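In the two complexes that follow, chain A is the common piece, with chain B as its partner first and chain C second.
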Partner chain A sequence: MNERAHIDVFIDGLSRYFNYLATELEEPNSSLEIGAPYLLSTSQPMGLDFTGMISVSGNNLGYIFVSANSALLKRILLSYGEVDLSDMPKKDLIGEIANTLAGNARRRLGADFHISTPRVFDGGLEPSKYQLTSRCYVLPFRWKSSKAELIISIRER
Partner chain B sequence: MSVIVLWSCHLFVTSETYFSASDCGENLLNRVGMFAFMFGKYRFLVISIALFLVLDLGVLVLNFYTSGKIAEQAELINLAGRQRTLTQQMSKATLYIKAQKLQMWVYQSGLDELREHYKTFADTLRVFNDGGAIESIDGGQPIEIQAVVAPQGLKILEQANPLWKQFEDALAPLMVDTLVTDEEIDPASAFIASNNAPMFMLMDELTEHFKASAERQTVFLRRAQIVGISLATINFFIILFHFLKQLRGRDLKIKVKQNESDQILSTIGDGVFLLDKNLVIGGQYSRQLETIFSTKRVSGQSFKRFLGRYFANKTVGLSMDFVKLYFRPHINSALIEDVNPLKRVEATITTEDDEAVQKYLDFSFAPLNQGAGNRAILVTVKDVTAQILLEAQDEQAADELEQQMSLLTQILPVPYQELDYFIQESTQGYDRINALLKDTKHIADNFENTLNKIARETHRLKGSAAALNLKWVAEQHHALEDNIEALREQSKVKKLSGRNLLPLTIKLKSNYESLELISQFRCRLGNYASVVGTTVEAANDHQKTLSGHGGEIPEIDGKWLSLYDYAERLATDQGLSLDVDLRGFEAPMEPTLTEKLHPIAIQLLRNAIAHGIEDSDTRCRLKKPNNGQLLIALSHDRGGNYRFTFQDDGRGFDYAAIRVELVSKGILTIEQAGRASSGDLIRHAFMDTVSTQLNTDPISGRGVGLPLVWQLIKSIGGRLKVRSVEREFTHFIIEFEHQSNERETSTRTLMERAG
Partner chain C sequence: MIVDDSLIIRNKISRSLLVKFSKVSRAENGEQALKMVRAEKPDVVTMDLTMPKVGGVEAIKKMMEIEPTIHILVVSALADKATAIKALTYGANGFLCKPFTDVELNEAIEQILKIKLSS
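Coming up: the complex of A and B.
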């Protein structure tokens, strides 16, 4: 599988999650708007208010981060009927999104693509903590006008 | 008995059927051979069955025979019993005659009765002695009686016969006529009265003798039946146990074979199955087949339908035609293997999780003869996905290595200052493209605008790479331009999302990485200075050749000097000859001035060679010099006002072609295009993506060169003047202001030299 196929798997996972929101929560107008993907060097700050991280090992090494601003997570929580809009459920939610992406990737990419259990943290990520490729793909997306990012840094072993 | 016979026959038929079915795979060439094989193999069975039948038949025959004998004995018993009765009746008849006669009554009936009894007794006794026919006791059909031969019977008869002889003598006078005298009846009556009891006893003994004989017969028959049936039963059980043992043995062997087959089929690494002549998949197949195709629906499936789940209809059709070839007589499988359409073929397989995965599969076919003219095909399916991907990776790695080597050889001749400048310029260019992507807020609305900006930036970088003869980088930029063009085409037919730009971003990352590679090479080149010296020297040689200048050659700035090489390469690629004259670029040039003008010069040079300069034959017809003439000049007024001139003696702007292009792109109507002046048309050529070339090649055809020039001119705040006469020349004059920081070391201008 090439780089494009790997990235497509995670974008598909993202689309699947938000399509699920649109159908299950009966909010048909809440479609996912995917922006133009661009590159971000590791010297630049990455991520938004809450970030879920999946690490990849096997034939490929790297990380996939899904990072969202607080407003997006708040909107999703409200859609679920959640009344507690504190940071904790937001962190749980970003973890759930990351988990969905991981599950989808496990199914699609097979045994050679080991996907870790997602980790969640506040804020963006500190690139220096991770062995990232010199430039990461950033795929911005919006849901109900609130923004989030999928940050992908994968290289072949 | 009959039941037992039928049961055993049924068992035989069942057994035969069983073994026939189990041995169907044997090579049985003809019926005779098959019979011999069967008889040999089942000799024990045949002998046992024959013995069983012999025993059954023997008992049956004995039964018939003994039954007959018993029936005969029964008749004898009856006859002997009748003799006993007749003895009494003859005595009674004589007494009756005597009594009637005393009373002078009629005695005729008694006489008749006596005579009848006498005759019957005599006949019966005769038959006992000699055998013969006699009426049965119930007056029915005469029955045939064998003479008594048993010693006991003969002994009785030997006693009875003399006594009967005396009876005959005594009764003889009564048998003559109807008149009986006292002299006749009295002695007869007296004889019978005295001998009746002995005769009765003898006949009674005879009766008992016959009874005993009959009973012996019966006992014999019973014993014979018991023995026969017992033997038959024993034989039957021997057959039964023998074949049960054989069946159990065979079942065990079959089970062992089945287990072995199952083990082989479950552990074999490939998908294996059999196809019959109807192209139906057999019942046994390897477990790996289920793994490969993520399905358990295999056994009994039509091969065509099975393939149809994973391959396109065309592939399925070709495959079925191919497989049918194996069922044709005299087909050499090795010869047709080359046309196997299922070699390393890509399949789309839906997993249990409903995910579609791509696999590369390799089918191979081997015909099997199953005897009696039957054929099957052993099909082996290998999952070669990993192998093919590995090959692709190896190929990619080899390509990358080759590209890197190629890149290194391309980098080596480039002066390090120019290479550094190129790396810096390209990095900035990529950053600008990346920024365009990042800043695209509403991608659908700004799609065309964003793409145009990215296209111009890419085109400029391609020109810079090509100018340094970094073909590999130029090709990467060209590929990026292809991506942009493809996106433009897609955007005409559907609304695109940011995701559609992903190939562009991936390509951009690849270009960044190439640039990093160049940067690494640049750092590792230890003896770069000597390379620069060599290159400059070589470039100076080119200058002499290309410019045609004699005498004193001004020292031209290195970066501008490389234009000679670039122009020559482009001209050679296009089959053109060119003289380039560079004026006003004497070293040292101010870097910021070079940064502004060099990209413009490259684009105009590419434009001139792609569209302006004619080939030698055309130039000859037009009475132009054989080599195309190109002048690139820079001058200034010492007050910061600069004039950059680029002129060629080529074919000039093709106004008709520009009109056609503008109309076909919908920028102008036919009427507007017809009314447009040459100035308007040139303005459109700089503003819109207009290409007068039908096909795209590495240096032209996308229509972004002149818009890029205009963009660059605008970025330096310049003014552009264009003069062009068809078939004669094109002049581009760019005037701009530039405040030099290095005025003391500025280049000598053309005007100064002229002065």
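Coming up: the complex of A and C.
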């Protein structure tokens, strides 16, 4: 599977996730805006306020990161009916979103696309601390004008 | 009983289950769930698969040994058919893929309850 196909798998996953949120909120559309993917600059910190990371093994190797600003996570928590909008549920949520997107990718990438439980970080991450692939893509997106990004660093084994 | 490592998901499922059940217990992983299931003997378990300590598939296998009549709905992001088949083979009664709506969850729980009543 080439890089473009990998990106398409995760675009499908993102669309699916936010379509479900729209259904729950009884809204006519998902309000999701997906930007053009670009290559990550490894010389700068990556990620936004909170990041969920999934390690990938099996038929692919690498990482999936989902990062979002605090406002986006607060909006999703509210849509879930949560009343606690502190950092703890935001971290839980970003980990769950990362798990959902990576797990859903197995629909196309197969059961040998093994994923870890999520690790969650706050603040930007230093790319040099991770064994990122040479071509690591950032897929920026917005939901209800709040910013997030999906970082895809996987290669076929 | 809800078994999921995400607090948000435990809360979401709990809100739906409390409409149908008088008591809903929660576990953060398979290990905790196995300890609880012996004491609580729940009617229905919703089980995540990707969890720390004891994962969902192993928990289903062990749970079926402890309580063979237990009814389990897998609620997981792992969207491939092989995983769903594996979970069902080990004893789960249904599979719901994340993300899910409250309507889908309620339908899946209703289905599990029908299976339970007919068994």
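One rule holds for everything that comes next: the second predicted complex is superposed on the first by the 153 of 157 C-alpha atoms of A that agree within 3 Å, B and C clash if a C-alpha of one lies under 4 Å from a C-alpha of the other, contacts with A are read in each partner's own complex, and residues count from 1 in each chain.
Here is the rule we use: contacts are C-beta pairs under 8 Å (C-beta built on N, C-alpha and C of every residue); 3 or more make two chains touch, one makes a residue touch a chain.
Remember, it's a predicted structure, so these values are computed and weren't measured experimentally.
Taken together in the superposed arrangement on chain A, chain B and chain C fit without clashing. In the superposed model, A:52 lies in contact with neither chain B nor chain C.
When the two complexes are overlaid on their common chain A, residue A:82 makes contact with chain C while staying clear of chain B.
Contacts of A:107 after superposition on the shared chain: both chain B and chain C are touched.
By the document's definition of touching, of the two partners only chain B reaches A:4; chain C does not.
Of the two partner chains, neither chain B nor chain C is touched by A:62. Among chain B and chain C, the chain that touches a larger number of residues in chain A is C.
Shared-chain residue A:127: touches no atom of chain B or chain C. Put simply, if you stand at the Cα centre of chain A and look at the Cα centres of chain B and chain C, the angle between them is 70 degrees to the nearest 10.
Of the two partner chains, chain B is the only one that A:38 touches; chain C does not reach it. Distance between chain B and chain C in the overlay is 5 Å (nearest C-alpha pair, rounded to whole angstrom).
Residues 107, 110 of chain A touch chain B in one complex and chain C in the other. Taken in their complex, chain B has these residues touching chain A: 351, 353, 355, 357, 389, 434, 437-438, 440-441, 443, 450, 497-499, 501-503, 505-506, 508-509, 512-513, 516. Across the interface of their complex, chain B is touched by residues 1, 3-4, 7-8, 11, 33-39, 107-108, 110, 134-135, 137-141 of chain A.
Interface residues of chain A facing chain C in the complex, by the touch rule stated above, are 16-17, 20-21, 23-24, 77, 80-82, 88-89, 92-93, 95-96, 99-107, 110-111, 113, 115-117. By the touch criterion stated above, chain C contacts chain A in their complex at residues 5-9, 11-12, 15, 50-52, 76-80, 82-83, 97-102.
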